[in-house]
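The following pair of complexes shares a single chain, subunit A, combined with subunit B in the former and subunit C in the latter.
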Partner chain A sequence: MQLNAYLIALKGILTREFLRFVQQRTRFFSALVRPLLWLVVFAAGFRAALGVSIIPPYQTYITYETYILPGLCCMILLFNGMQSSLSMVYDREMGSMKVLLMSPLPRSWLLLCKLIAIALLSLAQVYAFIGLGFLVDVEPPLIGLLTVLPALLLTAVMLGAIGLFLSARIRQLENFAGVMNFVIFPMFFLSSALYPLWKMRESSEWLYWVCSFNPFTHAVELVRFALYAELNLTALLVTGGTALVFTALALLGFNPEQTAGGKRR
Partner chain B sequence: MGLDVHHISFRYGARTALDDVSFSLAEGRLNALLGPNGAGKSTLYALLTQLFRLQSGEIRLDGHSIRGPSRVLKQQLGVVFQQSTLDLDLSVMQNLEYHGALHGLSRRQVRQEAGSLLERLGLGDRHRDSIRSLNGGHRRRVEIARALLHRPSILLLDEATVGLDTAARQAINRHVRELCREQSLTVLWATHLIEEIAPDDPVLVLHQGRLQADTTAERLCRQQQVPTLGAAFEQLTGLRAPTPCS
Partner chain C sequence: MRKPPFVQTLLLSALLASPAAHAAKAYVSNEKDNTLSVIDLASLTVTDTIDVGERPRGIALSKDHSKLFICASDSDTVQVMDLATHRIIANLPSGEDPEQFSLHPDNRRLYIANEDDALVTVVDTESHEVLAQIEVGVEPEGMAVSPDGRWAVNTSETTSMLHWIDTETHQLIDNTLVDQRPRHVEFSRDGAVLWASSEIGGTVSVIDVASREIMQKLTFKIRGIHPDKIQPVGVKLSADGRYAFVALGPANHVAVVDAKTYEVLDYLLVGSRVWHMEFTPDQQYLLTTNGVSGDVSVIDVDALKVVKSIKVGRYPWGVVTLD
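Up next, the complex of A and B:
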């Protein structure tokens, strides 16, 4: 198969995901409403209770809204990544996954294309959210909008890969609630998205360590530093490593027999 | 292009779905695969389309054994699954373009090919319509057009006419027969509706995972010494041949 065929397939999958996304406009708006509520409502109530001292990458005291902006960007990526697992299960149950699997191209390439499509769509939502942040005076440096792009992309791939990995383990759509309770919420709340880890350590040493080992914490820190044109090497290595491991696990763990009726379950 | 199945068996845990099934498809013909629900037809399709891995036996394409994922086999197969696999949120052409892209066809190539395919299937003016706006018969036609888009030499249809009214079923059946005649397309047509099979069609009867007959419809009637294919089916399976519901 020629290289051209691989690129045509990538374009085809990107176009299909984009068209489906455009058709489901409510998904776009609901993806923005969730973090906006956190930014505007939750942060307003919390800012008085939670002081944020000067910690890298910040050079001065910052508002609580400024602190949680990178975490909320990652929240969008997290929900989108998990939504992708829902969409994979839906495609499997509706049969459209079979169309993908009937392609003569390698399955690993097709799944990788799907992962890239999910990541790119997530990025569009994050930038829309950052744009809305400017309206409520949460203004990261303009150069940060550029430097944060690779960090967001890597995070989106990591979370998309986790979603893809989980989709192979979700038997039915109804089981998606379990993903919410056992993956999304623990990943988000046990991270530095809403509060710095030193604050967590003041309350509980073991919780601090759990948060420190959470890859989502490192993704948030990678985005936080990149938003201020700085590199957090540890965060980059952990996020990149997790993305690699879960991409490999998702590709290896994908079982096409589940798409063909799943009588073996 | 010839497709042969040799001694295929498949089990779901302790349950045997296919038991030592062997046959060769007659090239350029509509080969009917007849069997009641649960006979193993869908499992056979899943093996032919490589959605399932072979547990034993082999598939040969033009005499070459196919082991493991095969790009060549997928290039030669067009498939219409029992359950609709169209994307309801997209239009007819967008569905075709997506399928084409997965087979390495550019948008321009898809449009060139799709125009005549849709025209032949009576959907020439519906390419911009959303799949949601099409009735069941038209959706099936789109699936057939999609299956033929990359010019396969073998078309697999898994109960493609289930749930359609008589007129739609007959139209699809007629069109597939034309394709066999005009383009030498080899078709494997799984059905449990006797009326879709012509007397000279090669017929495979599958029951409880075993191939009960591999002949033509009229020969099968002679062998079983019964006047109709329905009666022959009844003798082979112990079940009444289902009557079409329209």
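Up next, the complex of A and C:
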């Protein structure tokens, strides 16, 4: 297979995702409204929630809004990753996935293209959100806007891979509510997105341990450090490792042996 | 917030190239530890901790920056530290429970507020003699001498007054009533205006020195913080006359005020119970002592951003800086 064909497939999938994104403009805004509500409304009532403590990467006291910004960026990536899994189930029901999978290219490449497309579109939303954050005095250093890019990309790939992995197992659109209840909410709330882990530990030791094993916690911390031009190596390794594992599992899930209505002879 | 490593390296090498900046230090009195923390202003780290008398609060430099005067409140003395050796070379007869003081431009007379005795004691820092004791209101606290040396102004917390003392005669000339619990007074560079904070009143009065009348009263309001917690204490005016910074105590914020229009421009989040403040010699940073959280926050004056908080001893109170 020529390299050209791979690129044509990448371009095709990127264009399709982009067009879908443009046509669903409300999706873009709803993806921004959700974290904005958290930032403006929820955080307003929790200004004193952090108590007195300076935790890395911060050098001084911060407002609650500043604390939750990285978590909310990851929230955008999380919802987009899961939404993409929803669109895969939709594609499967509508039959358009069959058209895609008929391509002679390896499925792994097609899925990777899909992952990249989801990640890039999510990034645009995250940057728009960070931009809006400046309006409410949440101002990470400008260099951080650059250094956070690879962290966001890796997080988007990790969450997209988890989404794809799930979509390979969800047969019907109706089951998506289950994904919300059993994946998105626990992942988000049992992480350091809303409260630092030391605060979790104050209330419950087991909650602290659950949170510290949640890969989403590490994704949030990776983004938090990168936003202040610092590297959190543990977070990088966990996020990278999780991304690799779930990409592999997603590829396995979309293996022809597993799809097309069951076993294939 | 934090500068990236390569920018820090650049800044650090630039600072190292300039010996004056390299030597710049801050001394912070730690009320509950009976120590002073020494902060290197190039690296913004604590480099030394020095034992001093009991409950050190107000601290001030001699005009030639060779000595540091320390109000050791529970030792009932003002200690004189030689800054070259960090040794205490004298204990001045300050009267009981000295809290704040101010050095006259003549570099000799020290005006000390004696909180428990309702007195202001004037001490000659060279002969170590008490030159005068002036009766003022109940619980005297804040102390400032005007840049021309004519006035010594003391605040009394319970009487809620500013007491104007003529430094020639050491007589109390006038009183100005301000809001409840005045804590600190600060003269403008030209000596024409006096800023006085009222802790319980929650206000800062701006006073015309010529008439000794209040010409402006500032109030503060921070979103999400109960008004009772807004208790102005320390006041500092930038050398260029642009800003006045007001430490708001348990509100954990420093108010930035336009020193010309008296408009409150911003509130900067610092540590708990922010008390007193001092500019670095180059006016690039303003340091704040945060009593309850036991640290010093560093405010970038141009950017009006808090860039760092440095852990010091327990209950940091006063701060001075020198080249």
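Here is the rule we go by: the second predicted complex is superposed on the first by the 251 of 265 C-alpha atoms of A that agree within 3 Å, B and C clash if a C-alpha of one lies under 4 Å from a C-alpha of the other, contacts with A are read in each partner's own complex, and residues count from 1 in each chain.
In this text, contacts are C-beta pairs under 8 Å (C-beta built on N, C-alpha and C of every residue); 3 or more make two chains touch, one makes a residue touch a chain.
The structure displayed is predicted, hence computed values, not measured ones.
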{"item": "Contact breadth on subunit A, by residue count: subunit C or subunit B", "value": "B"}
{"item": "Touching partner for A:I13 - first (subunit B), second (subunit C), both, neither", "value": "first"}
{"item": "Touched partner set for A:T60, first subunit B, second subunit C, both or neither", "value": "second"}
{"item": "Subunit C-contacting residues of subunit A that also contact subunit B", "value": "none"}
{"item": "Subunit C residues touching subunit A - in the complex, by the definition given at the top", "value": "1-5, 7, 223-225, 252, 269-272, 292-293, 295, 297-298, 306-309"}
{"item": "Subunit B residues within the subunit A interface of the complex", "value": "12-13, 17, 42-43, 46, 49-53, 69, 71-72, 74-75, 77, 79, 81, 83-87, 89-90, 94, 97-106"}
{"item": "Complex contact set, residues of subunit A against subunit B", "value": "1-2, 4-5, 8-9, 11-13, 15-16, 19-20, 23-24, 94-96, 98-107, 110, 256-257, 259-261, 263-264"}
{"item": "Residue ranges of subunit A touching subunit C (in the complex, touch as defined)", "value": "44, 47-48, 52, 54, 57-63, 140-141, 143, 147, 228-230"}
